[in-house]
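As structure tokens, the structure follows; a few thoughts come after it.
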Amino acid sequence: MPSLENIADIIHTWLNITFNSTTALLIELVIVAVSAIGLFSMLGLILIMMERKVSAYMQVRLGPNRVGPKGMFQTVADTLKLMVKEGMTPNGADKFLFNLAPFIVMIVAMVILAPLAFAKNFQLWDLNIGILFVASVSSVSVIGILMAGWASNNKYSLLGAMRSGAQIVSYELSAGLSIITIVILTGSLKISTIIQSQSDGWWIFKGHIPALIAFVIFIIAVTAETNRAPFDLAEAESELTAGFHTEYSGMKFALFFLAEYVNIFIVCVLGATLFLGGWMPLHFGTDTRFNELMDYIPSSLWLFGKTFFLIFIIMWFRWTFPRLRIDQLLNLEWKYLLPISMFNLLLTTLMAIMGWHF
Amino acid sequence: MTKEDLKIKLIELFPQFTTEIPSATIDESGTWLKMNISKEDFLNVVTQLKTNLSFHFDFLFCLTCIDWKTHLTMVYHFTSTTHRQPLVLQITLDREHPEIETVSSIWRTAEFHEREVYEMFGVNFLHHPDLRLLILPDGWENKRPMLKDFEDPINMIKL
Amino acid sequence: MFLKKYLQDIYYAVKSLLIGMRRTGYYFTHHKEIITQQYPDNKDSLSLPERFRGEVVMIHDENNEHACTGCTACELACPNATIKIITQIDTTPEGKKKKALNTFVYHLDLCTFCNLCIVACPTDAIKMANTFEHSVFDRSKLTKILNKPDSKIRAGIE
Amino acid sequence: MYRETDIVQDTSIEGDLIINVGPQHPSTHGVLHLVITLNGETIKKIEPHLGYIHRSIEKMCESLSYRQFIYVTSKMDYLSSHINNHGCALCIENGLQIEVPPRAQAIRVLMDELTRMASHQLWWGANAMDIGALTPFFHAFREREMINDIFEETCGTRLTMNYMVPGGVMADLHPNFQKRVKEFIPHFKSKIVEYDELLTDNIIFQNRTKGIGIISKEDAISYGCTGPVARGSGVYCDVRKLNPYEIYSQLKFDEIIETGGDCFARYMVRMREMKQSLSIIEQLIDVIPEGDFQAKTKAVLKLPKGEFYSQIETARGEFGVYIVSEGGTTPYRIKFRSPGFSNLSALDFMARGSKIGDLIAIMGSLDLVIPDIDR
């Protein structure tokens, strides 16, 4: 069975034989860009469909079931609708920033894609500070949101953007601290090394309670960072109608919408990479038959399975919980998550030094 | 407290009933006691009704106005959360320039109800903190749509 | 003491959240709890109660006869002028002049289905039908004439 | 129909942010328009602008006969239309001295309590949605649908029934009525536990509602609050207890009082009222007296000259009907004392100094129905 690694290798060798190395690199870049955009649009379609179905079943409904078999093409129809819709720009808006904002949000989401490992040895750019790169670039997206809120010339948008700013900046802390927990245990910022270190067991199992706590905090923090319910204060449709993207319509709105889902996907890949072993299959100690069976499943499936499991949990949150208030949201971060994750970091450091983990 | 008790107490307290030419009357025919008083006594009477502990009418549950074509009548329905005997208070107002003291400082619910009566009947509540249109759109000041002779050829359909 | 309360708070908070998630998780996995009715598909099995107020119809029997005397009781009972009855003067075989129904105009677009006309009718000539798909493309189609063409009053109804 | 004053320009003190919540806003449940002065996210002042759905029902009723105008009142508080109609019927019966047959009284009470439950269920879902939980809305509608089906079978419509007429009810109970209600009772008993699991016990919900929008007993009385809003502050104001109409005096139930005065207290009052309504229905469903469902009345009703006032407890509070009659076939003047109007006037008091999110929670806990406020 050709794995993603083999396909990439074949293309790479063929290009290098046929063209000189510069041309080959350029063509590879184009291929990467096209497949990244393709992945994004696919993700958008799949995740939105998934969200609608998950919410429908939790709300004792059926969900979309008219367009295509079991309503599979509903999101395609929605995308078509959004594409042909007029992208309005309000009169008093700052036109340049207003039109720039959705692209910034989208581009940030695309850039984070670079260091993520999707399968065994299948990675765009295995840079040695991969995790740091992801953590720092992802915080740029708040600029896009602030820009959208400010440029819309709408008070609801402004309030939403300000909330979002406060929220993302504070939750970055605990997200970062829980990432560092794993970095301490691994001793590397390189994503491939982090995954390799989990070949004998995932960190969530190997790292005892501190890793588990870090995992829970990570899930909470990234839910907040991606502006998902119960932390969707930036949108808060019952308070701020639609928050920072109140004034957006058509494809510009679709970009925000898509970026939200792509961001969820990315943070869930990150969570899977850090805590659930990335593309590593599930192994149990010395049970070799079981381990071989698990190895037989392609590594990309492992990663996507873990990612979608995390995405499902985040969706489950959204369709169960009420929304927090802005001050409660910040209280939760500064009074609970941050102290706990700091204490947890200490504990992990101690554990790493003493070598208590497996 | 029964209706009779209330009547006795009211007569005891207010001299208006006992003077030679009473400026206020009490009507017992309805379910509840109805008191007609003059506009001059109004503020004194309602303040007494609220503050005097033997009445303690702390709950103003209905405030409205009736157009009798010759005059307007303000109707106040009070009750008390302690003795639960409602009282109806009626004050006759001039139809052209109706004016009465506000009770919004005594019962805060009156603020909204008085604004409604102001726009619908044109009653001017003196010393009201914020006497503006509440329900009607702009440009309907002094149109007094709830009066019987109100005509609106555009919006009203005669069946 | 402070730490104990702090941890207790976290415990109860997480527990309450997990209970809620268990409930939504239950519905996520138990699809037979779904209550959605897929409307145009279930048209055959859809049954509305016989009292359902869909629109006013006039009862005609197989001889194309109705029971409306044109007394305008329904017109008077209607709060929003939905019904307009046009009467004519018929001459009975005995030579007497008698008021009779010419056209029963019913404005479905004005009707609020309050049932007052049905209650008011002394001869039970009209009733509420349980049809409910009233949407049309032209508003004028909602003005209906309830008595069928060439229908006449049933004998013996005064 | 907008007003010049609605578009508030920068006339305020510098530093204040003025936003218009409504008339089209997801959480005003209709066309309520609030002009909010903010300092950051803290509310400094709320100014309601009403009238977007004002139909002048009071003026309309002056030209409708006593039988006709009852129907219009179901368009006011459309979620408790049975109770509105009931209140008007009570007032007319009061004026005409009609004795309502016991069967009609029992049917009326049953319908009222079903309406109260349906209304509270919708409120529960909508309140949860205001606070940000979207799932409870659909769960609440599942139960409300059953009640609506019961109504549809007996009354013919699902929302604006016009089932109460002067002297009784319009039609007898449908033969299936008792069976359907008995199916509903255990179903709802099992589901109300889920309501608690999903929302009441949820820590986020409790944090969002406890200590928010506090109104003291004295203020609640002064603002004329009634219904769950006042009972959440400890005011005894249940008309069913204080001034019993129909057969409420023979039924066993206690007035529900919470003393918190905050959103959570109001929430708990309504949750407990749903259970209470269920118990009232349980008491009554097997002992509906036989007999007429309507007293004999004249075809054209004429109230004697005089003034008549009747009170009734709707799902939102005390609904008052004040009829001034000149002895004709139509009322001379009608005043509807709507509970929502008074409850809304307390909104500014409750929400001052809290956050925008709190305002939404408070509005949800007031259970505003805009047509009821505007009339």
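Things to note:
Letters are used for the chains, namely A, B, C and D, taken in the order the chains are written, and counting of residues starts over at 1 for each.
We adopt the following convention: contacts are C-beta pairs under 8 Å (C-beta built on N, C-alpha and C of every residue); 3 or more make two chains touch, one makes a residue touch a chain.
Bear in mind the structure is a predicted one, so any value in this text is a computation, not a measurement.
Counted by C-beta pairs in contact, the busier of B-D and C-D is B-D. Work out the mean CA point of chain C and of chain D, and you get 24 Å between them. Rounded to a whole number, the gap between the C-alpha centres of chain B and chain C is 42 angstrom. Between chain A and chain C the centroid-to-centroid distance comes to 51 Å (mean Cα coordinates, whole Å). Counting partner chains per residue, chain C shows two or more touched chains at residues 17, 20, 23-24, 35.
Chain D has residues 135, 142, 198-199, 202, 204 in contact with two or more other chains. Looking at chain A, one finds that residues 58-61, 319-321 touch two or more other chains.
Because contacts link the chains in a way that matches no line, ring, star or complete pattern, their graph is best described as other.
Across the complex, chain A is touched by residues 17-19, 25-27, 41, 128-135, 137-139, 142, 198-199, 202, 204-205, 207-208, 355-360 of chain D. By the touch rule above, chain C contacts chain A in their complex via residues 10, 17, 20-21, 23-25, 27-28, 31, 33-36, 38.
Of all the residues in chain D, the ones that touch chain C in their complex are 64, 67-69, 71-72, 135, 142, 145, 152-157, 160, 162, 165, 170-171, 174, 194, 197-199, 201-204, 206.
Across the complex, chain B is touched by residues 1-5, 48-51, 54, 56, 58-59, 63, 94, 218-219, 221-224, 226, 235-237, 242, 306-309, 318, 320, 322, 324, 332-333, 335, 337, 341-342, 344-345, 349, 374 of chain D.
Per the touch definition, chain C reaches chain D in the complex via residues 12-13, 16-17, 19-20, 22-24, 35, 48-49, 51-53, 77-79, 112-116, 119, 128.
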